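What follows is a set of structures for review.
In what comes next, chain A is part of two complexes: it sits with chain B in the first one and with chain C in the second one.
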Partner chain A sequence: MSKKLLVILECILILALLTGCWSRKEPKNMSMVNSILYDLSPSGETQVMIEVMHPTGEGKKAGGSTGDTGSGDGASAPMPLVFEGKTVAEALRNLSKNQDKELFGGLNQARIFSEKLCKQGVGPILDFFARDHMTDETPLMVVVNDDNPKRIYTCSTGMSDMLGNYLSSLSDTQQKITCEAVFVTSLQFFKDYYTDGQQPVMGLVRIEENTESTNGDQDQPQKPYIIYEGLAAFKDDKLVGYMNGIETRDYNMLTNNFKITAISVPYGNDFIAVIVKKANSKINTELQNEQIKINIKIKAVLTIIQEYGSIDISQREVIKQVEQEFNEFLKSEIEKTIKKAQNEFKSDIFGFGRFFHAQHPKEWQKIQENWDEKFSKAQISVNVESSIIMEGEIKIPFTMEKKVNDK
Partner chain B sequence: MIIFNFIKPNQKQQNSQKNNSNFLQADAKKITDKNREQAYVPSRISECEEYLKDKFCNSPDVIIEDFETKKKKVLIAYIDGLANKDLIDRDIIKPLKSTDFKGEVSSALNACHTISDDIDDAAFEMVNGNVAIFYEKSRQAVIVDFKQWDKRSVEMPDSETVTRGPKEGFTENIRTNTSLIRRKIRNPRLVFENLTLGRQTNTSISLVYVKGIVNKDVLEEVKSRLAKIDVDSILESGFIEQYIEKNSFSPISGIGVTQKPDIVAARILEGRVAILCDGTPHVLTIPELFLENLHSSEDYYNRTLQSTMIRILRVVGLFIGVLLPGFSVAIITYNQEMIPASFLTHIITSTQKTPLPSAAEAFFLILMFELLKESGTRLPRAVGSAITIVGSLIIGDSAVSAGIVGAPMVIIIALTAVASFIVPNLTEFISIYRLFFLFLGATMGLLGIGAGIVIMLTQLISTESFGIPILSSFSKNEIKDSVVRFPLRSLKYRPASIAKDNIKRIK
Partner chain C sequence: MTSKASITATQLMMLAVGSSFMFPYTFMPILNAPPANQDVWLVLLLSIVYIVIMCSPILFIANKFRGLTVNEITEVILGKFAGKLASFLFVLLFLFCYAACLSMAAIFVKIAIIPETPTWAFIAFAVVPISYATYKGAGTIGRLATFIVPFIMFTIIIFFLMGIPQIDLKVLQPVFADSTFLDINKGALITSSRLTEKTIFLVFSYFLIKEANINKTFIKALLLYNFFYALILLPTLLVLGVDLAQNAFNPYFVYTRQVHGYDFIEKVQALNTLAWFPGLMLKLTLYNFMGCYMLSGIFKMKSHKSFVIPFSVLAAVFCLIPAINKADIILTLASDQIFPWIVFPFTFVLPLILVIVYLIRKKKLDNILQYIKQHDLSSQCLLLENFKNDGNK
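Let's look at the complex of A and B:
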């Protein structure tokens, strides 16, 4: 009997040692945070806006609206309230005074930062994310490029019911179909931030006013909408500038995050639209007389998607020429993009430093401290190789076929 | 105690050899009159008549009649309803009364018979349905086997139904049952060992095995445990099961129960022992490994791929049935971030106006389900279906719309219920462990579930059925017929842990 008792006691002791999440929480007493906006007040305090799911399942429409979740009906949704504090924790504590349910941040979808805050530095806030065990590493990180960032909560949220959901699915989709935006989670930001020779970026949204009125009989002002494009470049924890969509596409190619995009290549007086199906970059770094040389090789796989008629792409030589044109075109675009990072940002967001570190570990020790400076003076050479693997389902251009038949 | 029985050290195998010698002479034959030392039959038949009437307390269904033949006075005694009267008239009374009767009763009968010189023995044969004949000055009783009584014919059993395979099932009559087995295994080495158990009921028990294949250790163990049974009544094989099992508080008995002769035949051909009990169609097979609860006879009649797929499905069903309520309660109340956001939204929305916490909801629904199951089985069939419909409507729809429970929990428990029906043999195991895991999940979250799994596995691993570990199906030699079923052609060996002495099937 005593032996039995001992074993039972042992089991209990082991359980006590392995404490995990002990705080039991009923879902019905929680309110799910969907997105959080961090801003700076004019007096320099941290401002927090929080979007929570209303338990009736109708988004943030807490203000007594009776309509269903239809997209046209969201105008009555109240803006989340703004709370201030010297620190994030204080702001969140002030915010909780208004909440009748316990806030649950485990499934937060987006962390939105204002431009002002980013320029001052997001470090202290990121420290809070990294330190607090209840915050998650999955939310999307975006910067709002707008003078009044709080306006984002009045924007239309597309097919989704809440802004956080909208942003997270928007970023996911955009990276897959246009590749002109970045999908950066908190974890990715932390990784980039902590990696030597790499500077972090965040997603970028801007708010556009909807001036066109679709229905004449509706007096309701149209809601502004969100464009998810480009990226926000950081130097350490401070915002240093933005890249537009095209530049972001090049950024994705250089960091091997590229999925698919369409590019219009000038050819003679016309354009040929190609779909870039694959683009892999290889980066080689050299050190010559204190001067850093970065050789970039990009291999792209293309298919032709649209063509303006003056070019007979059924001929092998023409295809070669198109490839040549594309190589030149992309080369100049990428060079421009890198120049921008070198001259404007002085921040190695592409992570060339990582390659230099791997390829010249000894030299890296010496220049590690002022890598960003070295990077901005580095000599860049870009080499693009492309191959067209498909001309689409027709060979001869649509407009040319007629002429061929007439002959 | 249920859980921690594995801590108990192995009990000593005591007295197993000593009891085997008098195994076949179970001590139930003495009806009354224990003081009488010597067997005897009175020489005068009037004394016999008096003795028997006294013994059966003048019961009206005991027929004792004497008649004169040409040579001798004869007394014939049997129990009405247990013996065939037509045969008695034709084969006993007619030849004895005929003019050819020369005075020797046993040679005059037209029937097989035995001679007994103990009147108590004769009385015991009478309660078994035999006819006892006494005659003047012989001091002997002639026993004729003319048993016949009303019995159920061989029918399809209500459980263990199969779409492919024999449909016949055992009946309440042990003789029919032995013949059903004998018809499956036409081998003279198929052995039936009879004994009688129960001081009041004198129930016939039959041990079945194939000599040369059976695991002798198990056979000895079964015999010694049977010999220890000393009770007044054995009304069903469940009595035997509970008297010979080692740990009454374990959720697994280690003894299989079936109603079908083809299953018994397959089991005893793998080296097992079966116990038939008169008066019940449920036959015990020993030992029973854990995974066999997940097997069906159909697995062997159907082709390999289908059988394997269904077996895997049953394992999944077992895990869902045991773990799902506890696991989901643990996740919902402790680790919400593991739930996809859209589903958590739904959970929050649907539980907004319900009064109970999630664990209580789960418990309430399990309780409802067990109530429904029980009321459905006990009631007459016509009412039973009505109860089920009303109950399921109340559970499924009204409970949600009345705001007692949230819809997601209804779905979780419904899935659990459906999954646990896939392994009907393990109902006891599943329903006990389900509550155990629900408790652990509600109080300790995923940590509790993890600890519970360790406890459950430890118990399963340490449980033995008649000396054979019940998880031995996972050993190297038996894996071919465990969670998967290999083609019959490659199942050349019997389960090595059971048929220790004769593993090769074709021997």
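Let's look at the complex of A and C:
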């Protein structure tokens, strides 16, 4: 009997443990962060602006209280106040002076940085991300190229309810259509930052004013919108410049992060639009008399999707010519892009240093420390080989077919 | 002494493998062992050779003195006093490992999982099930391993498969170019020195069923351990990169945080913790049991049970000393400069001394062993007294 009593007592004691632990976090007491903007105040302190989920959708109804600076679509309710601190940790804790719930960063989708902050260096903030147990490495890292980066929270977020979700959706959809942007997660940035012979990049956002009225109401001010295109190049933890969409497309090809894109190749007086379905780069490095030579070979697979009618692409010789044109076109584009990184950024964002390390490990030990300098003086040679595998669902160009019929 | 429980070869293998997993699973020391670069996987491969070499004295003794407890073995080989001293040294090793691993676990939990939970609470909740399992003895621990270890293996396989899309094989380049053969050997020596689980074969071989082969069990355990260690090490290295993995307090946990699949499998690191905690319990239970069991042998007690709680209390007190309960102290303790070199003399030098003394006294000891086999004896008291009496006759 006493044994049974002991077992019952044990069960009751065990039940007491089921209530949870000291560090339990109740969702009802938490503010789920969707995106955070990091900026610098005029006095040089760190500013944070946080977009939190509003589980009741109150932001939509209240509008004025939290929706003034929000995207205004409802659930999105970024903090109306910006908090400052000497460090990010201090600024985030200062937020609690206004926020009644504890911040939870585990569902954060995007870390957005102002240009000013990135030029000063993001290293200390990265340290916070890597050290704090509530932050993780999945959010996207984005730079806002705008004088007033906080404006990003006033932008239209398309079909998404919050900015963080919007940027996350873009990373899913945009890469399936074009490769003119980079979607860099915090993990990828950390890795590139740590890796010798590779400099990190971040995604780039531009804010455009919407001057066109879509609903016919001229008095109603239109929300600005976001253009997610290009990349922000870093040298160590400091921003050194931007690349536009075309240059970013080349960056993606060179780093083998390329998915798909459409390119209009000049041909005579017209253009031929091709879809680049695949582009793989092979990088070979050499060291000749202290001079580094980087040989890049790109193999691309193309499909023609639009032709102006001046040539008959159903013929093999013409296809060969188009391939030749494409090769020359892409080669000159890529060379320009690399030159920009060499001369303007002096930062090896393409990771050629990693290839040099792998291919010349002994020499790498000697030049590792000043690789970026060596890279900026390196001789680059690009060779593009393309093959058109399809010409679409018709054989003779549409307009040419008409001319043939007219005759 | 404790009435003899029996464990199967599979249980012994699971015990050794499960306990060994906990270091790579918690803080993966191999990443910072020489050459501390992309060649660490070569270190892992080479460590197999070193483990075999380091385990050979223990395996030799365990095979030669099969059927005797570890206390009996030391006393038969070294004599009563030196034997007890050797046994006591093993007890110190197990106490140190118990306390050190408990401290490391407490720090990891505090840093990465539940920072607001006081260390004493974690230790209290860990020590109770550990003591209970230890109290129940070798058979229960063996059965426990057959539940816990396959689950850990399952999580390792799942995390490995789900991490494949994020793997960057270029991380491993250049292969064997930034490190020398000496570096790799140094790393392999340190990695294998760190392995305290060699002693499991010494202590638990007594409980192993007669049909089981110790050497075969050891080889299987070693291969299984290295295979799963590779499944932990490689994705961590290939997804996080060498430098980030080295800098992380718990690289495998950081890796599991990156794992995601389709649009709904994400933030699954809880599965890692779910496997880690029972695995840790198993490791600590083993240390507790081995320590208590050897103490009971030293003091000629019938059961190890009376030592279980004092042993756990000692370890818990050690963890709660404010000067020790700090991340930097624990990191130093677990580092390659300290931990392997504390463990190495107990797991290799001491068994090697036993082998050397055995070889010196081979003739006499073989007679004793033959006597034991003839009379089917396993208790040391009976053994020595009977042998002496027979000798006098």
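Criterion: the second predicted complex is superposed on the first by the 357 of 407 C-alpha atoms of A that agree within 3 Å, B and C clash if a C-alpha of one lies under 4 Å from a C-alpha of the other, contacts with A are read in each partner's own complex, and residues count from 1 in each chain.
By our rule, a residue touches a chain if its C-beta (ideal position, glycine included) is under 8 Å from a C-beta of that chain, and two chains touch if they have at least 3 such contacts.
Nothing here was measured: the structure is a model prediction, and the numbers come from that model.
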item	value
First (chain B), second (chain C), both or neither touched by A:357	second
Partner chain in contact with A:177 - chain B first, chain C second, else both or neither	neither
First, second, both or neither for A:273, with chain B first and chain C second	neither
Touching partner for A:190 - first (chain B), second (chain C), both, neither	second
Partner chain in contact with A:4 - chain B first, chain C second, else both or neither	first
Partner chain(s) touched by A:318 [first = chain B, second = chain C, both, neither]	neither
Partner chain in contact with A:30 - chain B first, chain C second, else both or neither	first
First, second, both or neither for A:106, with chain B first and chain C second	both
Touched partner set for A:136, first chain B, second chain C, both or neither	both
Which partner reaches more residues of chain A (counting touched residues only), chain B or chain C	B
Interface residues of chain A shared between complexes with chain B and chain C	21-23, 106, 136
In the complex with chain A, residue positions of chain B that touch it	4, 7-8, 332-337, 339, 341, 344-349, 351-352, 354, 357-358, 444-448, 451, 455
Residues on chain A engaged by chain C in the complex (per definition of touch)	17, 21-23, 106, 130, 133, 136-138, 187, 190-191, 194-195, 354, 357-359, 361-362, 365
Complex interface listing, chain C residues touching chain A	111-118, 121, 125, 170, 173-174, 177-178, 239-241, 243-244, 247-248, 254, 257-258, 260, 266-267
Contact footprint of chain B on chain A as seen in their complex	3-4, 7-8, 11, 14-15, 18-28, 30, 32, 53, 55-57, 104, 106-107, 109, 136, 165
